[in-house]
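Input: structures, listed below.
Across the two complexes that follow, subunit A remains constant while its partner is subunit B and subsequently subunit C.
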Partner chain A sequence: MTAPAASQPRLSHRLRHEALRVLFHIYGAAGYLFFYLPIIILVIFSFNDSRSVSQWAGFSWRWYEAMLQDRQIMLALWNSVFVAVVSTAIATVLGTLAAMALERYRRFPGRLFADITLYLPIIIPDIAMAIMLLAFFNLSGIGLHVWKVNFFGVRLAVPFSVIIGHVAFNISFVAVVVQARLAQMDRTLEEAAQDLYANPWRTFWRVTLPLMMPGVLGGALLAFTLSLDDFVITFFTSGAGFNTLPVRVFGMIRKGVTPKINAVSSLMLGFSLLLVTLALLAARGRDERNVRLF
Partner chain B sequence: MVETSVPAVELRDVVKRFAEVIAVNHVSLKIAPGEFFALLGPSGSGKTTTLRMIGGFELPTEGEVFIEGEPQGYKPPYQRPVNTVFQNYALFPHMTVAQNIAFGLEMRGVPREEIRRRVGEMLELVRLSGYERRRPHQLSGGEQQRVALARALINRPKVLLLDEPLGALDLKLRKAMQLELKTIQEQVGITFIYVTHDQEEAITMADRIAVMNRGRVLQVGTPQEVYEHPENLFVADFIGDTNFIPVQVQQVGDGVQVLTVSGAVLLAHWGEPTLNAGSEAMMAVRPERMRLHRPEEVPQQEGWNAVEGIIRHVIYHGLDIRYEVHLAGGTTLHVRMPVGQGETRFQRGEHVVVSWPHAAARVFRSES
Partner chain C sequence: MSALLQRKPGLRAWLLLAPSFVWLMLFFIIPLGIILVYSFLERDVYGGVVWKWTLDNYRRVFDPLYFKTFLASLWIAFLTAFFSLLFGYPLAYYIATRPEKVRNALVLALMIPFWTNFLVRTYAWLTLLRTNTGLINVWLQQWGIIDRPLPLFGNTFAITLGLVYGWMPDMILPIYAALERLDRRLLEAAEDLYASRWQVFRRVIWPLSLPGVVAGTMLVFIPSLGAFVTPAILGGGKRLMIGNVITNQFLGAHDWPFGSALSVLMMAVMLVATLIYFRTGGEEGRRGGLG
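The block that comes next holds the complex of A and B.
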């Protein structure tokens, strides 16, 4: 065999390989475009100097200004943040405790049942969860009333039912994230602390909690984001006159789409992106410092 | 060892069951104050479980653990006057070296000033001064090991428990750390209980060794005792190199007379007490206690055994030459002869006579 004859099939093999590579890239780019083009258009048109959401008329901040001046939107934003903060705080504590219990006590009667009930809110559709919660609030007599509380001179509207609803699904997400972190934690570290005269309480505060903190933080940020973005469960569990931002936006859309909605959506998008980034950094940043040599 | 003093640690008929498995099976031990005591055995022998019961990480199913004469009962680890060096060191990754070492004193409420001083002393002892602010992941394996040691020793425990502390280090570092550990132990005078599966490590470091297998303690003694006078087949096999010759017991009296497969009659000064005439047994002889001779040059010595064989391999080892000798009947013997002046060298394929003193031979019950 001569050299050129031998290199012939190799060349065509290379070409085919190249072609496949290019095709994969195009496929990947198309996928991204499919997901993100609508979002990009939404953000662009939130700066549109026109009432139209389909024709570009130059750059402007006017819809953002209009948004800031809309008292209804600002109140809804405040409600969203309030519900998110309170429900995240409660869900983080409960979810972390649940994760610790499941990680620590691997075998107990009803373990499977505990697993299923904990993961259920992640799996079932929001609408099913929402209807269940609504039924629960009605049957239990808790109702959907918004509690008016005077908190050191600040008048707060506490939507009891909405907060419980958010806690109910957020516990699961926090528990899953924290459990993943606990699973890769070295349990002899807790034994070492106990060996060094730390009772279980101090072992928890000095060793266990600091080591699972990235998971707790990540879970909390995830819960916060989910709470801010939730529509279905909030819509079903909020009484008359109480709006979170997503619910408010839904109400506005029924009267017609304006670029003001684009501005609100862009703001929420930006905020969510920031939180997700923080959650990822929290989960990862600590890990690099904790790399162990064995 | 002062026999009359209270043992630093005593295990009295301790049993540990995990569900169906018996991890530790009726173990009784007395460990003297200041002793370097090794728990030696293969994995699954129960040595780590035994250590964990002393530390309080496991509670005995039966029996009792005493520390300085005091029964430990259900005491949790943080109430026991012992500290542990864990197999993987278990250094707190979110704390600096100094914070790691200070942890025990801090938990016991020792004043800040004293903690600082003692951390400094400890770092000096383990030769890590200047490493205060480093974090565990910035240290080498040997350095982490020394931090773990300092973190335990700073509490001045009555007893230090070490669970294969050198297991993760490479051979060279291991050797250096063995010496260092031994030196530190002599310096601080604390009782060390040292778990290892490495018989060489146990022999070079320990004052006394407990050889464990399948949850039982098979023999307790000084390194010399367990090496030279193993009391059962497992200990003879596990510690050092040993030749085993399958035999049948002919007579038990002052010593033991046995018959090999090929019909040779051999004598041993010591046999396991449970041996009877007619029982299947193993004669054990260390390779360095055997001698080789040309058939025509066999000296007529009182008190020596002799068997014939053929040399199959000759391996030069520098300090000694190792011969592999096949006996009639299929037994292979390893013989170690020092390389010195005037020693006869043998060739592969040569017919030889292997001899060893009756005193160097021990006969054990063969067991499955």
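The block that comes next holds the complex of A and C.
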């Protein structure tokens, strides 16, 4: 109360500063709560011992059991994994080659056109790409055949159109990720290999590819995730009767909400977490490699 | 052959590009062309197209019935971008001002929901927002805070909330990237020159983060305008966006030419937005170079 007049404004200034700091922390926490709370609640109610997804009635595994016994869900799961594996493999090879072309040969005739073709699929929303592919497959008859395959003992019938569509939207993402990696790469190592009389082929396999491998892996993981996550393009290009997990979940949501959907969602969430972890490990490998090599 | 390749690097570039280029030509550029052509054709009663040129499809777009949906979609996309920026900017700033270790953890924590399936994230909100059985209304009623359920579902609010939730990381990450690159010494210089907090923000931080803001706005606006899943799930079958109308034309009504015209118009709006983005981005890049 009898504090010197001079320190008065300073104290209130500091208090205000401190209050702002605390408020900012609260804001940050609230922001993350906004992102995580819906997902956490979703997972919690996948363990609910009743049909409700908003009234807790005790813990139970029953919806996970129901999910595992649901043949359509399990088939959709295998379809998802198969489509993701095949489309990622193709998109990774094509996207990596394209990234090398764009990064190594800065200027060449038709560069602008190549850029547009390669980047447009990233910008265009999936709904537009989906109807474009639907019209194309319908008009040309390409891709309407079904790929019958025995995938780890499960019989699948996957329309080629779905795989073609997934590759088409994934090439660009792989190319972007690999290109970013190539841009950071030290070219002197390749030049050194060539100075030591390695032919271009050998230089590629022994120097370039190992160096850009983290980028290739990163691109492949992104492609795999995008493929697993895709709903819209699969929904449009698959025709009736073929389900991936997201397509199946969409169909289930339309019929009504049950904790079984929460259980499938939690499974998909688990997949995503696994992939993020793998991506992190790949990134860590990249850092260590940098330290060792450069 | 190999000698020719040695002499012409352009040829080598195209050889590497060829596989993906052919794939995208066949399964992206040509399909795009088909949609463009379809949008000028007449529909066939059986769901196909009749090869007769017409502008009717584009005229129908301006039929109030559809044009209202188109405007509503633009409004929702705008709201989504606006609220993502309003709430996302401070969050990006918060992340950027943490110590490095915390910062990396926070960015990662932002990526996890982002890598989670979009459908799953939208479904999560469905279980929270539904009018009578949604968690929020159930709890608020149990705690006696409200008597009647709040209108949280099947309206613009629900769709916008779902879209903000889904796309806000796309806003935060570019802004964060811009803020993280920001040179601290500029802030100190501004403070040394007796700039107030607000002035520092308005005159230094905001202009330098503008490229991130513009990029983020684009990344949120474009997918929001083309949204299909979010209105289908959170719109409760009542509130529709242009993506749902296009879907209906292709899968339900079998009016492919009209559906094509709607998507061409949608893509045209996005193209204009992208062009604006590149112009602003370019301007800001030059100004940033000066600072």
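The rule is short, and it goes like this: the second predicted complex is superposed on the first by the 264 of 294 C-alpha atoms of A that agree within 3 Å, B and C clash if a C-alpha of one lies under 4 Å from a C-alpha of the other, contacts with A are read in each partner's own complex, and residues count from 1 in each chain.
What we mean here is this: a residue touches a chain if its C-beta (ideal position, glycine included) is under 8 Å from a C-beta of that chain, and two chains touch if they have at least 3 such contacts.
Model, not experiment: these values are computed from the prediction.
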First, second, both or neither for A:I163, with subunit B first and subunit C second: neither
Partner chain(s) touched by A:L144 [first = subunit B, second = subunit C, both, neither]: neither
Subunit A residues touched by each partner, larger count belonging to subunit B or subunit C: C
Touched partner set for A:I261, first subunit B, second subunit C, both or neither: second
Contacts of A:V178 with subunit B and subunit C, given as first, second, both or neither: neither
First (subunit B), second (subunit C), both or neither touched by A:R202: first
Partner chain in contact with A:P210 - subunit B first, subunit C second, else both or neither: first
Touched partner set for A:L189, first subunit B, second subunit C, both or neither: first
For the subunit C and subunit A complex, residues of the former touching the latter: 9-10, 12-17, 19-21, 23-25, 27-32, 34-35, 38, 87, 90-91, 94-95, 106, 108-113, 115-121, 123-128, 130, 133-135, 138-139, 165, 168-169, 222-223, 225-229, 232-233, 243, 246-247, 250-251, 256, 259-260, 263, 266-267, 270, 274
Touching residues on subunit A, where the partner in the complex is subunit B: 186, 188-189, 191-199, 202, 206-207, 210-211, 289-294
Of subunit A, residues touching subunit C in the complex: 24, 27-28, 31-32, 34-36, 38-39, 41-42, 45, 52-55, 93-95, 97-98, 100-102, 104-105, 108-111, 114, 117-118, 120-121, 123-129, 131-136, 139, 164-165, 167-168, 171-172, 175, 225, 228-229, 231-232, 236, 246, 249-250, 253, 257, 261-262, 265, 268-269, 272-273, 275-276, 280
Subunit B residues within the subunit A interface of the complex: 55-57, 76-78, 82-84, 86-94, 103-104, 107-108, 135-137, 139-141, 144, 151-152, 155, 168
